[in-house]
Structure formats: structure tokens, C-alpha cells
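Two complexes are shown next, each including chain A; its partner changes from chain B in the first to chain C in the second.
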Partner chain A sequence: MPLADDPAILRRPIGFAVGVNREEEIDPDKHRERLPGLLRFVRTFAGELLEKEFGTRIAGYPEAARRKTHDTRVRLRDEGAASVRAPLLTVLIDLMDVEIEHQEASPENDPEEQEDFHDAILTFIQRLLDRFAEYAADTDHLPNVAKEADRGSREFAKAAARLAR
Partner chain B sequence: MTDPDEARRAELVALVHADYDATRSMIDGVVRTSIALRAVGLTLTLALLGYALAHSSFAVGLLGLASTWAFLYLDAFHGWLYDEARRRARAVEQLLRLRYQQLERGDEDPDAGLDLDRALAAHRFGQYLALPRFRWRFLRQARPRAVYLLFYGSLTSLAIATAVYGALT
Partner chain C sequence: MTATVDPTALDLAERLANLDHVLSVCLLGSTARGDAEPGSDIDLLAVVDARRHVKDVRGRTFRTLGARKVQTKVLDEARLAEILGGRSTFAVHVLREAVIVHDEGHRFARLRAQHSPDAPVRADPTALLRRLELYDDLDWCQGLYLYSLADCYSTGRAAAYALLGQRGNFEFSAGKALVRIADEWPDLRPAAERIARLRPFFMLADRDVHEPLPFPYRNRRPEAEAAVRAAHELIGALEHGAAR
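Right after this comes the complex of A and B.
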């Protein structure tokens, strides 16, 4: 069963970006601290997307999910069906890597590592929204999701610019 | 024909490898020196404290305390160096990972080449050039902290107890 054409799947990152953009004055530090919360969105999103669109069921996250996502990517490549699907999978792998390294490192004790961690989340979520919008536009069963992902990309880009130091 | 951008990337990545090798050598050297320092420090301090106990000497007990703190300083200095090198090794590995991804993913990741180019442009070459001038406050960055607390904390307590014993007897 494919993904439902329900834009609610993107509620979390878009809600975050719209919230930041609506504020006249923003405190970048306060908002950047909320970024790790978006990784929880990635976990749910990746699970649904991989199962419904790619026929890959993931249980363990992030290590096992990373292996399975990588296997799916290689399978698509071997089948010659990579096109707009592979970029979507590569950014999911990048986000899983961020999560794996966050488990190992201790960014909360190290301001430099924390900043790198937050920057990586901003970059990869932006990329995920962009690539998902492309993917959804390429399929014929996700018109509403594609539209919302497109809006989300723009909102997120604005929010990222406002949060940039 | 060779792509000039790719050839330039390959040369830059080779330089990053040289940086990585320098960082790894520094980590190896610092770890070896720290272990040697702890062994010498422990032997010397225990010898001083043993002598102080045997001869009920307050002065030698104090010397044991001074020796503990001197070795703590030297060890923590190397701990700071280790932390600096570890951070740099992480940064360089991030860059090498981008190279790996760019080669492995090819067209499957349209941003891989750009990410690598940005990281190569931002990379500051030179392990030793990147090392900041030493400040006392940097000693707080020494890692692993638990080892310092346990090892030198125990030696300090022992040295104080020995000095007090020497003073009282």
C-alpha cells in the first residue's frame, strides 16, 4: 500500500519552520536547541516512507535502518530504478548517520560539536524536504503531499537563514 | 580526458590525507607520552611518600604532593593536546567521508560533490598550525576526565595524608 496523500506527514518540520518564520524577533539559540526533536520526525517519516514506497520494513533505528536503507538503494541501482528515489534514500542515510553519531558523541558538553550537530540537522532536513518534494511530484499518487513539501522547503529555507549565525 | 575539477579534488584530498596522518601521529605520540608520564609520576610519587612514611618526614610528604601536582600538570597538558588532535581527526574524517560518499554515490546524490568542495574550501591545512597557543584554562579540556580525577585525586589524598602523618609524628 503506497503512502497516503496526507500532508500531515510533514507537519513537524513545517510547523517548526513556520513557527520560526512567524516570530518577528527570534532567539536563534533557543530555536536551535529544538532541532534534535526533528530527528524524531525523521524516524517516523523514514519508517513509513521505506515501508510504503520502497517495500522495506525497518525495525531497529538508526543502525539497522541505515543498513536496510542502504540495501534498498543498492537494489534500486542494480534494477536501474534509482532516478529521483536514490537521492531521497541518500539523505535519509545521512540523517541516520547524524543520529548514530549523536548517540556516540556528547554534543551537549561541547559547544563546537553541538553547533556542527545543529547545522547538520538543518542542512539534511532541508535536503530531505527538497528531495521528497521532487519524489512526490514524480509519482502520481501524492499531489497534495508534493505541494506541501514544496511549501515546506521554502519555509524551512527561510527558517534556516534566520537561524544561521 | 581527465576532469580538471576531479583532478584538483583528488590533489586536495591527498593533502587532507597528509594532514590526517600528521594528526594520527600526534595522537599516538601524546597517548604514549601520557602513559609514560603516569608510570614515572606514580613511581616517583610513591617512592617519595614511602620514604616520608618510613621517616615520618613532613617535608618529603609535601614533596610527594608537589610531585603529584607537577605530573598532573604535565599529564593534563598532554590530555589537552589529545583533545585538540581528536577534534581535528574527527573533522578530517568528516571530510574524507564526504570524499567517500562523492565517489560511492556518484549521481545518486546531487549534493555530494558540492558538499565535498565546500568542506575542502573550508579546511584549514596543518595540524600544528591549527593548534592554539597554550592557556592554563585549556587544562580543563583534558580527557578522559575520570582518569585524572581518580588517579591524581587518589595520589593527592595519599600525599596529604602522608604529609599530615609526618607533621604529627
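Right after this comes the complex of A and C.
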């Protein structure tokens, strides 16, 4: 069963980005606290996408999930079906790599690294939404989600720019 | 050190101790308690001489060993002192259960001796509530509840440790902590039992370890909502801990 064309799947992270842009003053601590929520969104979204669109069930996030996502990308390439799918899978692998690299980053453990991690995740979520919008437009069965991904990408770009100032 | 220490964990700890800038290495978690099961995580703490060496040492640690996950916290001495003073659940776990494998000049032991292992945990329910924020509404999961169930388990487990620790009643094994909650607070029994049943989802989502699942994780919205409520209930008890 393919992914449902329901923009609700992107509502939570985009709501976070919109929230950042509505606030007059940015409180970096408050936004960093939302990082676990963004990571959970990525896991669930990756799980849905890979299972429903690519027939790959992932578990053991991020290490085992990364291996399976990589294998799926290789399989698609061998089948000559890479096109817009490969970049989407590549960004998921990049997200998993960032998470593997910063697994021990926590406000308690290393606040500075946690900040780098947070900024990297924002950038990659924006890229994920970009690639997903392209993928969804190409497959032609997810018009509403494609539109929402496009909006989300713009919101994340604005949030990242504001937080970087 | 006790005779029950896991030799694989000990070997990893000794290798870590040989890295440059590492002052102390301890075993944490089930390997420190001596109740590790085959496939249990290996949890290590490495203390380094300066903050600038944290990243380098962390980059040299193992993440997995065969099918086992290895989690190594690398901290500099100053940061460790701050953490121990904060009395988080992690800090109290280190004070009470860390097994020292290597300790140059007894620096870790001296630092640990400055803090009472018996003073209660200072819990922060806000951080736990943030972890559940994403699941206030489960529509966006599109019927895939594996990760929400896994997160409810890890959040509920953290709340259980903190709830007990807040009263100076320390237990850092998830299974035992949830049983103790159920025994000591009958009104929390259903929530604690529900969270305990979610462990296989956590093992699958986080570790790729396949244990029999109590129910399928697809399209079981009522169970997913009940899991979120149970985690909230344990955190709520933590917020009102002093009054209980």
C-alpha cells in the first residue's frame, strides 16, 4: 500500500519551523529541546516512506536502518530505477549518518555538539522535504503531500536562517 | 570488581583506557551491575583530561560489537563534576553503580567521593514531556506506530527511574524499576505494566533485536494512544512526586 496523500504526515515538523518564525525572540534552548521530536519525525517518516514506497522495512535505527536504506538504493540502481528515488534515499542516508555521528550528543553530555547537531538536522530536514517534493511530484500519486513538502522546505529554510543569525 | 563482570565489556573498557588523554574508564548499566544478558548493550564512561579531546576520543570508540550496541559517554573532568553535582538520574546512576576499570591517580574515585550516592535524584519532567510532544496527535504517523511505541517505552522507563530516584529509592534496571513502581503505587500499576510490555518495540526500533511483539505495530491506534497516556501518567506522577 503506497503512502497516503495526507499532508498530516509533515504537520509536526513544519509546525515547529513555523513556530520558530512566529516568535519575536528566538530562545535557542527551547528549540534545541525540540531536537528529539524532529529526530523522531525523521525516523517515523523514513520508516513509512521506505516501507510503503520502496518495500523496505527498517528497524534498528540508525545503524541497521542505514544499511537497509543503502541496500535499497543499490537495488534500485541495479534495476535502473534510480532517477528521482536515488537522491531521496541519499538524503535519508545522510540523515542517518548525522545521527550516527552525533549519537552521544545531548544537552547533558555536550551542549556545543548538541547545537551543531541541531543545525545539521534542520538543514537535512529541509533537504529531505525538497527531495521528497520532487519524488512525490514525479510519482504523481501524492500531490497534496508534495505541496506540503514544498511549503515545509521553505519554512525550514527560513527557520535555519533565523537560528543562524 | 566482581567476578560477574562481562569479559567482552571489560576488554572494550581496557582498550578505551589505552587511548591518549583518557584518565578513567568505568562500566555502567547492566554490565556494571553484573546482570547483563546475551546481547545486552555495553555502556561505558570515559573521562578525558580536557574538553578539546572529547570529540577525538569519541571518534575512536566502538559503536557496535557483533550484535551488541556499545554506548560510550566521553566527558572531561569538569563536565563530569558539573553533571554529578546536578543529581540527574544519569549522575546518580554513575555515583551508585559505575564500576571503575581504569582510574589514573584515583581522580574519578576522588570526584565520586565528593557526592553522596544516597541523596535523591533531581528530576526534570519537562524534558521528558518534550519527548512525548510529537505524539500528542498520532495522525501523522499514518498507521506506523513502531517508533512511537518505542519512544513511549524509553520515556516511560526514564520516568520510572526518576520517580523512584526522587524518593531515594534507586533502581536502574528497567524491568525491575517498572515492577517496583507497580508494587509501590497501585494507581500507577496499569501504566507501569503497559510501558513494560512495550520493550519489544523498543528493541526492534532501536536495536534491530526481534522479540515476540505483544501486538502488531501497524494500524493499532488505540494501543498507540494508550501507550502515550501511560507514559504521560508516569511523568505526571514524577511532577507530583513530592506530594505522593
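Note that in this section the second predicted complex is superposed on the first by the 150 of 165 C-alpha atoms of A that agree within 3 Å, B and C clash if a C-alpha of one lies under 4 Å from a C-alpha of the other, contacts with A are read in each partner's own complex, and residues count from 1 in each chain.
Rule of thumb we're sticking to: a contact is a pair of C-beta atoms (placed from the backbone, for glycine too) under 8 Å apart; a residue touches a chain by one contact, two chains touch by 3 or more.
Note that the structure is a prediction, hence the values are computed from the model and not measured.
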Combined model on chain A: chain C and chain B, fit or clash: clash
Greater chain A contact set [chain C / chain B]: C
Which superposed partner A:R127 touches (first chain B, second chain C, both, neither): first
Partner chain in contact with A:P87 - chain B first, chain C second, else both or neither: first
Chain B versus chain C as contact partner of A:G47, first or second or both or neither: second
Contacts of A:G37 with chain B and chain C, given as first, second, both or neither: second
Which superposed partner A:R73 touches (first chain B, second chain C, both, neither): first
Partner chain in contact with A:L10 - chain B first, chain C second, else both or neither: second
Chain B collision site on chain C, chosen from 42-50, 114-122, 132-140 or 150-158, when both complexes are overlaid on chain A: 42-50
Residues of chain B defined as touching chain A within the complex: 87, 101, 105, 108-112
Interfacial residue positions of chain A with respect to chain B in the complex: 73, 77, 82, 86-87, 89-91, 112, 127
Complex interface listing, chain C residues touching chain A: 54-55, 58, 63-64, 71-75, 79, 83, 86, 88, 90, 127, 130-131, 133-134, 139-142, 144, 146-148, 151, 204-209
Chain C-facing residues of chain A, complex: 3-4, 6, 8-12, 33-34, 36-37, 40-41, 43-44, 47-48, 51-52, 59-61, 63-64, 100, 103-104, 108-110, 113
